[in-house]
Amino acid sequence: MLTKKQNLIDLLSRVAILVVVVAVLAIIKTESFWTVENIRQVVFQQAPYTILMAFGMSLAIISKGIDISMASVMVLSSYLSAKFFQQGNYILGILVAAGIGVGFGISNGLLISKIKIEPYIATFSIDFIALGLAYVVCNGKYIYGFPAGFRSLTNGSLIFGFPNIALITMAVFVLLYILTRKTTYGRGLYSIGHNKEVARLSGMKVDQILLSVYVINGVLAALTGVLYLSRLNAADPSIKGSLTMDSIAAALIGGIPFGGGKGSVLNTVVGALIIIFIRNGMNIMNISTNWQSAVVGFVILFSILYEILLKKLMIALGKKKEYM
Amino acid sequence: MKKIFALLITLTFLVTTLAACSGSTSKDAANPKEEATKQKEIVVILKNNTAPFFISVAEGAKAAGEELGANVTVKTPVETAEGSGNEQQIQLAEETIVSKADCVVMCPVDSQAIIPVMKQLKDANIPVVNLNTRISDNTMYKTFVGLENYNQGYDTAKALFEGMGKKGKIFIIEGSTGAQTSIDRVKGALAAVEEYPDIQVVAQQSANYSRAEAMNVVQNLLQSYPDVNGIFCCNDEMALGSVEAVDAAGKTGSILISGQDANDDACAAIREGKIYVTSFGNPYMQGYTSVQAAIDLLGDKEVKDFYEVQTLVVDKKNVDTFKDKK
Amino acid sequence: MLKRIKKLDVSGVAVGDIVLFLFFCVAAENFLNGYNFILILRNSCTLLVASIGMTLAILVSQIDLSVGSVVSMSAVMVAILNNAGCPLILTILATLAMGALVGLINGILISKFKLDFWVVTFSTMSIMAGLALVIADGATVSTQNEVLDFIGNGKILGVYTVIWITALVCAIMILVLKKTKFGYNVYSIGGSATVAGVSGVKVVKNRTMVYVLSGIFSAISGIMIAGMTNSGSPTVGNEYTFSAMAAVVIGGTSFDGGKGGIVGTICGTLLLKILASGLSLMGIPSTWQKATIGIVILVLIITDVVSEKRKNIKGLRRVYQDVD
Amino acid sequence: MAMNEENVILKMTGITKRFPGTLALDNVHMTCEKGKVHVLLGENGAGKSTLVKIISGEYTRDAGTIWYDGKEVNFTDVRQAMAAGISMIHQELSLLPERTIAQNIYLGHEPMKKGLNAVIDYKKMVRDSRELLEKLGVDLDPNIQIKKLSIAQKQMVEVVKALSFDVKLVIMDEPTSSLASREIEKLFEIVRKLKKDGVAIIYISHRMDEIKCIGDCVTIMRDGQYIDTVDAATVDLDVLISMMVGRKIEKMYERNYCKPGEVVFETENLTGLRFRNVNIKVRAGEIVSLSGLVGAGRTEIAKAVFGYDPIDSGKVRLMGKEIKRPVPIKSVANGMGFLPEDRKNEGLILPMTISENMVSACLKKIFRNGFLNARKECEIGEKYVEYLKISTPSAEKTVGELSGGNQQKVVIGKWLETGCKFLIFDEPTRGIDVGAKSEIYKLLDSLTKEGYGILMISSEMNEVIGISDRVYVMKEGEITGELNRGDLTQERIMHYAIEGKERINA
C-alpha cells in the first residue's frame, strides 16, 4: 500500500512541476507559447525523440543499471540503415537498424548479466565502440534526401491532428507501460531493481530479464534513429547531441531514482516534457542557449528538495505505522 | 564457461561490425609511411573528421601531397565534442614534435587555447602553416591559408538581404558556443546588418552546428516570430535543419534561408529553392593550398603571409557551375 | 613486493598498462621516446587530478558528476579574474574556494539532507556547466600571465610544472588515504556507512569533506588547464566527468566503495592516455581510434572481472582447506 | 530486589521513545551494577534494542533521565558514550569485510602517532590488537582480512572490538545468535572475566538456557513497557516466558511424528566449494537436520543443492529425478524451496508488499498468461496472512515493516504457494522471539503432516533435538555421523561435530 501511495505522490509531484513550468511560460509568453500550434509542436514533434530514448534509460535505471550507449547506438543504426531507406528498401533498412540495435543490446546485456561488469562501465565502452564505428561509416559523407513515403513516417499523420511520430511514441509508451506494470516480466524487472539476489533465489530468470532490458534499449535506440532520419531527411552524426544527458535528466526529473525498482515510464514522459518545455520556452523568449543547462540543473535540484518536503509531510501525517 | 561463451559472442559481434565498416574506409587506413625516407613529413591537423567540409580539406591536402611529392598525414581529434577537441589538438600538435614532422598545417578549434603549444613548435623550430581559422597570435605561424570567415559571413548575409528586398526580420543561428568560425561569421553578418537599416535581427540562438537542434530551435523561434523573413545560419547543416522546420510550418519560399560551406546537400536544397544562398569556402582548395604553402616554406621559397582562398556566394544561378572554377 | 602489488588491487590494470606500453613501443615508431613519455604524463595530469576527486567519491560508494563542469568553471574563472587584473594568487585561491564551495553544497545536500547523490551532483553538474558558459559568454576567454603560463607550460628541473603538481597531489593523497584518520574513515564509510556510524566515525562530516576535496581537485585541474592553454574554455571539462569515472573504475576502484585507491586511478588514467597517444602515433585514422579505445577498455575490464571471480572462488576453497 | 547504591553504574528512569506512529518505549526503567550481568529479556519489538541504543547514544530519548557513573548524562552520539566507557556488541555484525582484524577492532578510535596527530600508528594498532586477542583467548592474526573469517570468528572479533578500549559497561545484543556451543563457552569465559574486573554487562538474548548460565538478574520487557526485574538464580524459566510473551506457552517443541513417505530429496557423493562426498536423504513427512559447528559447511551444502553456488561433482535428485548442474530456476521448477538464513537480504524484497512477495516465487504459475492480476494477488496474500497468522493490518503492507517472525512467515508462505514438496530451512528461528518460535515449529510440524520433506540447518541444539526425525552431523565439510530420533542427545551430536568419525570407528 505504502509503496503504491508513495509512487503516486512522487508522480503527482512531478506533474505539478510540469504544470508550473507550463503555466509560467503561458503567462509570460502567452501569444507565442500558449498556442495550440506551439504546444502541438513541442509535444508531438520535438518531445518524442527524447521521450523514446528516456524510456530506454528508465528501464535500465529501474533494473538498477544505466545505459550510456543508447545515443551512439542510435547514430550508428541510423547511419547503416540510411542507404536502404533512401533506396526505398524499407524492410532491409528496418532489419539493419533493428539488427544493430539488438546486436549492441545483446553485447551490453551479456557484459552486464553474465560477465557481471558494472552497467556504467560496460555501456561506457560500448558507447565508444558504437560512436567510433559511426564515425568510421559516416566518414563525413552525409546521406541526404529520402523518399516522401519515408518522410511521412514523421511528418504525415494518419489520424487528424496526431502526427505519426506522436502515435508511434504513444504506442511504444502503452506497450512499455503494460509490459513493466502489468506483466510478470515487469514484476521481475522491478524485483531485480530492488534486490537481485532475492529475485535469483526466487527462481526468476534474472539474467534473461537484464539481457532483455538492454535489447529493448537497443531497439528503442534504433527506432529513434530511423525516426530521426525521417524527420531530418538526413543521416547526421551530430544528432547524438546531448541525448544521453537529456534522457538521464528526464528520468531523474521524472522521479526515477538510481536506487532501482522505483518509478515507471509514466514518470519518464513527465520528466522529458519538463525538459523540452524549458528548452522551448527559452528559445521563444530568445534567452541565450548558455543558460539552458543551468536552468535544467536548477529544476532538478528544486524537484528533489520538493520531493523531500513531500516525504516529510507524509510522515508528519503519520501514515506509516512502524513495527519495531 | 558461460562467461567465456558470452564474451565470445560479444566480441565476435563487435569484430564483425568492425569488419563490416572497414570496407568504407580502407583508403584512409592505409598510411603512407613507405617512402617516408626521402619525402618531407607534413602533418595536417584539422578540427574533426565528421564534417563534410573538413573531409574535403583533408582530400585537398592529400592530393597536394601526392602531386607535389610530400608525405602528408592528416590528424584530427577523436572527440568531436567542443572543448575536448581543442585539448586533443594540443596533444596531436605535441606529437608532431615527437614524430619530428618537418612542417605542421594547423587548423585550430580554439584560436586562443592553441597558442602555447604553437610556442613549443616554434621552439622545436617546426614551421607552422595556419589554415582556415586564424591563430590569435600571428607570430606563431609563417603564413595563413584560408578565407576570412568574417567576409564569408558578410557576403552571404548581404546576398540574403538583397534577396529579401533589403528589409525584414531575420534569425541568426549560431554554431557551437565558443567555435571561432561561428563567432567570426556572425560578426560578419552583423556588420552587413548595419548597412541595411530595414533589416532587423529578432533572435540569435545557437544550434551547435547540428541539423537536429537547428530544426527544434527554428521551430520554436517561429512560434514567437511568425513574421520572420530570413534565417542566417552559420553552416549548411543548420540551414538544412531550418529548411525542415520551415517546411513543417508550411512557409517554404516565404522565408529565405542562407547557409555556409555549400556542401552537396545544401546545393541540392538550393536547386529545389529551399535554401536561398550559401557560400563556397572551397575546402578542397584550402587543403591543397595549405600543403603547397608548407612545401614552399620547406623549399625556402618566398611565401606570402596570407593566401586568401576565394569564397564564392552560391545561389540558384551558379549552383551547378561553381565547383568547376577551383 | 609482489604481495604489495596484489594488495593494491590494481594488478589487472597495471599489467594492462605495461602490456599496451610495450605493444606500442614495438608497433608505433617514435612511441618509445623519452619526450613522448613525458608528453603522455603531461597530458594525463589534468584528467588525473580531476579523477582523484572522483576516486574519493567512489571510495565512499558515491559519485561526483559535477567534476567536469567544475573543471570548466575554474578554467574560465581563472581567465576572467586574471583579465580583471586580480593578482594571480588571489585568483587561484578564489577558484579553489569556488571548487570547495560546490563540493560543500554537494556534500551537505547528500550527507546531511540525505538526498540521492546521483541527482544532486547531476544538478550541480548542469548548473556549473551552464554558469561557466554564461560568465564566459559562450566563447573561450584568453588571458596572459607569466606565472600562470609557468604553471601550465614551464619546467622545473626539466620536468613540466604540471607533472610536479600532479605528482605532489597524488603522493599526498596516497599518504592521506593510507595513513591518516581521514583516509581510514573514507574506507570505513565506503565499506559500510552504518557500521562506521555505530563505531563512532563522523560519517556526515567525512562524506562532506570528500565532496569538498573533490571540488578542490577539480578546481586545481581547471587551473592547470587554464595555465596550459593560457585561456579558459567553458566547455573544456565536458568529457572529464565520464573519462574520470572510467579512469577510476578501470583502475579497480569499485562502485561498491571501500575498495581500491589512488594508485589504481593513476594506472587507469595512464591507460587511457597511452592508448590515445599510441594509436595516433601508429597512424591509425582518428575515425578508428574511438572504437579501438572502447574495445581495449572492454577487453581489459572483462579479463579483470573474470580473474577476480576466479580469485574469489579460490579464496573460498582455501578457507575450507585451512580448516582441516 | 536489593541493590547497594555505590555499586550502581547505570540508572535509567521513565525512558520514553516515540517513533513515527508508534511508542517504542513507554516509561521504562532499569538499573545496572558493576560486575553484574543484567539480562534484558523480551520478544522482538518489545523495545530491548531501542533501549540499549539509547544507552549507547545511537538514539536520543524523548523523555526520562539516565544516571551513569554517578552523574546524569545525555549522550547525543555514539562517540560520547564510547568516551564514557560504554561499548556495544551489535546483533548484526558491525565489521568491514575488506579491512583487517586490527583495523576493525580499532575502527573509530584508531591509535594516533605521538606528536603528529591525525596520522595513524598501524604498528601500534596491530601490536595492541594482538595482545587483546591473546588476552581474550581468541587465536587469530590481526592482519587477516575480515572477509576471510568464518561467521563465528567474526562474532568473536566483534566481541574483541567492543572491549578494545577501557569499558565500564558492555552491552551485548544477542552475541551468541551465530555461535555454536564451543564458541559460546569461550564467550562466557570472557563475560566472567569482565565480571571479575567489575565491568557491568547488559545481555540481550533469546536463549533461555543462557540466562541461568551467566545472568545475575533479569529485566523483562513487553511491547515497549517495563514488566519486572527478577533474580536470575531463583526464577523459573516458564514464568519468565509467560511474563515476556504475556501468555502461557504450553509446549515449545510440538511434533507428532508421522510415517515417512517416499524419498523427495537425495544427494550422492556431492562435492562442492566447502564440502565433499555428502550423501543426504530426505523423505516426505520428515524433518531432517544438518547439525555441526558454524563453518562446518552446512549452509554451503544447502546453497549448492539449490543452485546458488556451483557444484564440483556428485548428483542431486529431487522426487527421484536427477538435476544436472542445479540453478535456482530449475530447483524451484522442480519443487524445491529455500528459506535463507539472511531473510532481509536473500529471502524478501523489503520495499514490496506482503502479497507481492508471496507470489514472487511463482509468478509464471499463478499468472499463466503473463499478465498480473491485482485481485488474485491480493487474495493469495490475504489467504496466507490468514493461514500463517501473520500479524499485519493488511496484505498490502510492505514487508520491511514486519517483525522478524512475521517476515519468516512471509518467506514460508512464498514457498508454500509454489506448491513445492521439499523445503530447506536455514536457521529458521534466527532472531525470532520465543512466541513466534513455537508457532514456526508448529508450522513445520503441520507441513510434515501434509507430506512436505524438510531439511533444516540449525545451530540451536534444542530445536534440532526437539523437532528432527533424523540428524546429519557435519565436521569440516564432511558428514561425520547420522543419528535417528531415538538416540538424539546433545553429547552425541557434539561428539560427531567436534571429534569427527575417527574416534567412533576406533
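Residue numbering begins at 1 within each chain, and the chains themselves are lettered A, B, C and D in the order written.
As a working rule, a contact is a pair of C-beta atoms (placed from the backbone, for glycine too) under 8 Å apart; a residue touches a chain by one contact, two chains touch by 3 or more.
Just so it is clear, the model here is predicted, and its values are computed rather than measured.
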Remotest chain, chain A as reference, centres from CA atoms: D
Cα-centroid distance, chain B relative to chain C, in whole angstrom: 33
Geometric centre distance via CA averages, chain D-chain A, whole Å: 44
Cα-centroid distance, chain B relative to chain D, in whole angstrom: 70
Centroid distance [mean C-alpha coordinates] between chain C and chain A, Å: 29
Chain A residues counted as touching two or more neighbouring chains: 111, 115, 129, 132-133, 135-136, 139, 288-290
Residues of chain C engaged with two or more neighbouring chains: 133, 138, 234, 286-291, 293, 295, 298, 302, 306, 309
Touching chain combinations (by label order): A-B, A-C, A-D, B-C, C-D
Sites on chain B touched by chain C in the complex: 3, 7, 10-11, 14, 18, 25, 28-29, 31, 33, 49, 73, 75-79, 81-84, 86-88, 90-92, 94-95, 97-100, 110-116, 119-120, 136, 177-178, 183, 206
Complex contacts: residues of chain C adjacent to chain A: 113, 115-116, 118-120, 122-131, 133-134, 137-138, 234, 242, 245-246, 249-250, 254-255, 286-295, 297-298, 301-302, 305-306, 309
In the complex with chain C, residue positions of chain D that touch it: 56, 58, 77-79, 82, 88, 90, 94-99, 103, 107-110, 112, 118-120, 122, 148, 150, 161, 273-274, 295, 297, 310, 476-477
Chain B to chain A touching residues, read off their complex: 2-3, 5-7, 9-10, 13-14, 17-18, 20-22, 24-25, 28, 49-52, 54-56, 78, 80, 177, 202-206, 208-213, 215-217, 219-221, 223-225, 237, 240-241, 244, 248, 263-265, 268
Footprint of chain D on chain A - complex, ascending: 1-4, 181-188, 190-191, 194-195, 197-205, 261, 315, 318-324
